[in-house]
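Okay, got some structures for you below.
The two complexes that follow have chain A in common; it is paired with chain B in the first and with chain C in the second.
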Partner chain A sequence: MTAPSQPLLEIAGLKVQFGQTKAVRGIDLSVMPGEAVAVLGESGSGKSVTGKAIMGLINRPGRVEGTVAFEGRNLVGRSERDLAAIRGPGIAMVFQDSLDALNPVYSVGNQIMEILTVRLGWDRGRAREEAIRLMEQVGIKEAETRLGDYPHQFSGGMRQRICIAMAIALKPRLLIADEPTTALDVTVQAGILRLINALRQESGMALLFVTHDLAVARQVATSLVVMYAGRVVERGKIDEIFARPSHPYTRALLASNPGAVAHWSQLQPIAGNPPDKATKVTGCAFAPRCPRAEPRCRAEAPELRDVMPGRQSRCHFAEEVAHV
Partner chain B sequence: MAISDLAVTRPARSSGRIGETLAQLSRSPLAFISAIVLVALVLVAVIGAPLLRDFANTQNLRLRFFPPFSLEHGWGYVLGADALGRSILAQLIVGARTSFLVAGATVAVASITGMTIGMVSGYFGGIVDAVLMRISDIIVTVPSLLLALAVLFVLEPSVVNLVLVLAIARLPVYLRVSRAQTLELRERVFVESSRALGTSDAAIIWRDIRPLVVPTVMTVAMLELASVMLAAAGLSFLGVGLQRPDVDWGTLVSEGREYLTRAWWATVFPGTAILITALSANLLSNWMRANADPLQAAAMEPTSSREEAARS
Partner chain C sequence: MLKFLSVRLTTSLVALLGVMVMVFFLARLTGSPAALYLPVDATDAMVEAFNRQNGLDQPLLVQFTNFVSNALRFDFGQSIAQQRPASVAALSAMPQTILLAAISMGLTLLLAIPLGTFAALRPNSAIDRAITTFSLFVASIPDFWFALVCVLVFSVNLGWLPTSGQGSLLSWILPVATVMLHPVGVITQVVRGAMLETLNAGYVQNARARGYSWKRLAFRHALRNAALPIITIAGDRAGGMVNGAVIVSAVFAWPGIGQVLVDAVYNRDFAVIQAGVFVVGIAVILLNILVDLIYAVADPRIRIS
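== the complex of A and B ==
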């Protein structure tokens, strides 16, 4: 067991590049044991790629640089065999597309049991008991009879629950959830979020929750990392960021969130598009869309810096943004 | 999504599904007849060949060019006799076993090897993939008949050599089909999620990818059965295939050709046997392909049974 003071996961200078496309341009992020961190960003901000890079799931021709230290050991550049040992009991992942995340030719019971028989060497009887327990734990009714059912016989929400059951089967210390509720409708979504919260409280596992949805992030996480154009632009406690964002992008996100305003007419969409991932960005990547950009923003790239206790922002005018 | 969902629920094996497949088969008359013909031919070959092996090679010069459709000398000569007075019917049955054996063994060797290489090649990609695919391209460019002729001319023309040569020539078909499918499956989320749970590459290929590649390869193999049989017949016809006392349908056509004007039956009957087998295998394979494709299967089946299947 790691000491509480040491981060479970510490990412430093992570860069992911596919050919000329820079999906992640260097991010730093840390997750303490048992902590729930949300990674927030719009489509193409590099948040999903970050999740995959942590797991070592970036395939050729993708290139990963920087360090991903899990319990003090760097995972970048490790052999597939070393990574396989960490995937599962160390870090597990739940994917966005639950419709396709289960193999269609095996029953769900088989798929859960297989993890236990292969990785833990359990006999099938014991694995079966545990599979039933896991299915009940993630809220599947009549688990025993549904064990032999195939993925297509379950609804989307149920399939995502089974994916979660598979992810927690080996009791991971860190669960990476890559937009696990995006493909589901809102009522099902709430159930899944409650489930993730409950599981986290029971087992004490840490959570890295990747999402584009502010409201969802707030329901599961205590810390928030906001990403824009492959970089972290703001980081801190989620409630504090909601109360006082210190980066114009975060501020704009909050203003464009339907849940945060009283009437839809007050919604403010963010004009423009994120920068092209193939081009080199000079100055602040958000400057072309920023309502308060100044000549300095286009010339000089801001660093991620401490702007108040427990808060970092990548903006030249973070203090002013925070105190508007 | 819905389409791929339907398509992949089929391959899982269980007795219920075999029964269901048979029921579907019986609704398609052409495919049903083809299946019966093939099964009957295999049965005749398996049961009849050991019993008739000696009779098939018995020469009776008094019955030289004995015409067919006459029971004067019993059922054994109902399809006539060849230049050395050997029974055509008996030779057909003995030849059936050899033809099926050669075709079956060739398809089995080629499909299993090709599928394995194709899946590995497609899954890992990179240099190994590039090299394997170029080798496959080279095999495709060399006419398979020429390759077989050259190899069998140098080596002893035996059943094993014939099978190996034909298998190498047909390998690229399976290799490409399974590689293409693996390339697509490799990107599916369930493969990624399997990796995220720490499954090894070998286990992913065997447990996640193989079950979805097998049905396609099976369909191709069925189609190949007919063309391999024709290729083997062609080689025998050219005289580098099997040698007496081994006999297959190609040998029979080849030997009978010399006397085509005097005794048409020595060529026509074995030729017809090849035609019927090839046609049946093609029709059945065509049905298998359509049946594995939900869009075409929907057109082939009565609506009610499909709805039931969807509900159950």
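== the complex of A and C ==
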């Protein structure tokens, strides 16, 4: 077992670049064993690319720099063979689009059993039993009869449950969930979030939950990492960040989230757009959209720094923002 | 599925009927058989007797209704040139034709699927460029030219292979290579294009995130999804192969249906032309139904709808 003080996953200076497009501009992030961390950001903030980069799923011509240490071993630049051994029992992933995530020409039972026969060398009979158990575990009724059904015969929520069953089949120590509920109805969404929480409590696996939705993040995670323009801008305990955001972007996100304000008339959209990914950012990347930006913000890039116990922020005026 | 097949069969038979009507009248545009079979100084009485004997003395429309009513009983009349039933003349060439088509298509797929897959696995790499260049090259070579050059090099100059006919196993090599030439190039390109798409699909990336080998990703997860366009083009090309492979009969004197049809046209042997086209038409219809069945096997979304 890993000592509790040592992170399960530790990312340092991670950069992902596609040609001139800088999707991730250098992020640091760590996940302790059993911890649930949410990565929050609007579309284009680099949060999904981060998830794929951890798994080594960035294809050429994409370029990955920095380190992704899983259980103390760096994964960046490792061979496909080494990575394949870690994918599944080490790190597993659930994607946003559950229809596209399942192979349309094989039955779901076939696809769940494939993991067990290929990765664990089980015979088909034993794999079948376990596939039924997994489907029941993720809340699919009449699992035994539905084993032979194809992905298009399931609803979106059910497909996502099957994706989760496949992800937990090898009992991963870290589950990366990339917007797993974004494509689903709100009622179905709640069920999936409850399922993820229940599975985490049973197995003690760590969770890295990528989302653009603060309310969703709060339901599954204890720690929060806020990303903006390919960088981490704020990091800390999620409830504390909700109570007292220390970065203007986080504050703006809270004010623009229907789940976080008392009345719809208090909703405040964030004016403007994130910076172009091909251009070099001087100063603070959020400054052009920031209501309290000062000349210093446009000239000098802020560092991610400790602003209070257990909290880091990338803002020159973090303390003032937090104490408004 | 059964309903689909019966609809498919009905529309195919209507198309076949149209083809038969055209063939009946077009064949008669080649001229009178009497001019070919009787001596130049034949008397009018001799011509009349010849026409009466072969049923060519009656008005065209009467000939046509006779043809249709007989054809419905699978009676296609006598061959003038061969002195045997036209249906026998046509059918006896089909085993050679189908065997050549089956072997050629089998080898084509064995070659084109791995080539297209390897090209798609590394797009724009040296391997991809080599395979793409090769496939475009073989798809663009005129096949009659290829056949003649092969005969010149391997049969005439080197003396390794027979020039024509069908005897030993060696006599199959050049006809098979000629028939495969264009399909290999075209199907490799189709496989590459379809695999490029499915290799980048979410389910293949997801399968990769489960730690599978590239072989499993390519051949189990991506290829099966790329199957539909590959089956379509392979079925189309197989139709062309059954359709006579006239080049092969012309260059190698291959005793297939192509040879039978070409000879029948030269001999103004109307009955054999009609029987041959009918047999090929039936073969193509059966092939299309086979392709539909393979679709259903390959893709559950077609099977369960």
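Just so we're on the same page, the second predicted complex is superposed on the first by the 324 of 324 C-alpha atoms of A that agree within 3 Å, B and C clash if a C-alpha of one lies under 4 Å from a C-alpha of the other, contacts with A are read in each partner's own complex, and residues count from 1 in each chain.
Rule of thumb we're sticking to: a contact is a pair of C-beta atoms (placed from the backbone, for glycine too) under 8 Å apart; a residue touches a chain by one contact, two chains touch by 3 or more.
Predicted, not measured: the structure shown is a model, and the values here were computed from it.
A.B. asks: Based on the superposed arrangement around chain A, label chain B with chain C as either clash or fit.
C.D. replies: The answer is clash.
A.B. asks: Return first, second, both or neither, reflecting whether A:Val105 touches chain B, chain C, both chains, or no partner chain.
C.D. replies: both
A.B. asks: Contact-wise, after the overlay, does A:Asp97 reach chain B, chain C, both or neither (first, second, both, neither)?
C.D. replies: both
A.B. asks: Could you look at A:Gly88 and tell me whether it touches chain B, chain C, both or neither (first, second, both, neither)?
C.D. replies: The answer is both, since A:Gly88 touches chain B and chain C.
A.B. asks: Applying the touch criterion given at the start, work out whether A:Val49 contacts chain B, chain C, both or neither, answering first, second, both or neither.
C.D. replies: neither
A.B. asks: Report for A:Glu80: first if it touches chain B alone, second if chain C alone, otherwise both or neither.
C.D. replies: In the superposition, A:Glu80 contacts both chain B and chain C.
A.B. asks: Touch test for A:Val225: chain B only (first), chain C only (second), both, or neither?
C.D. replies: neither
A.B. asks: After overlaying the two complexes on chain A, where does the chain B footprint on chain A coincide with the chain C footprint?
C.D. replies: In chain A, positions 55, 57, 80, 83-88, 92-93, 95, 97, 100-106, 115, 118-119, 150, 152, 163, 166, 170 sit in both the chain B and chain C interfaces.
A.B. asks: Would you tell me which residues of chain C are touching chain A in their complex?
C.D. replies: Touching chain A from chain C are residues 201-214, 216, 221, 224-225, 227, 298-301, 304.
A.B. asks: Hey, which residues of chain B end up touching chain A in the complex?
C.D. replies: Against chain A, the touching part of chain B is residues 1, 4-5, 8-9, 11-12, 125-126, 188-190, 192-201, 203, 207-208, 211-212.
A.B. asks: Under the stated contact criterion, what part of chain A meets chain C in this complex?
C.D. replies: Residues in contact with chain C: 55, 57, 80, 83-88, 92-93, 95, 97, 100-107, 115, 118-119, 150, 152-153, 163, 166, 170.
A.B. asks: Help me check something: in the complex, which residues belonging to chain A touch chain B?
C.D. replies: Within the complex, chain A contacts chain B at residues 55, 57, 60, 80-81, 83-89, 92-93, 95, 97, 99-106, 114-115, 118-119, 150, 152, 163, 166-167, 170.
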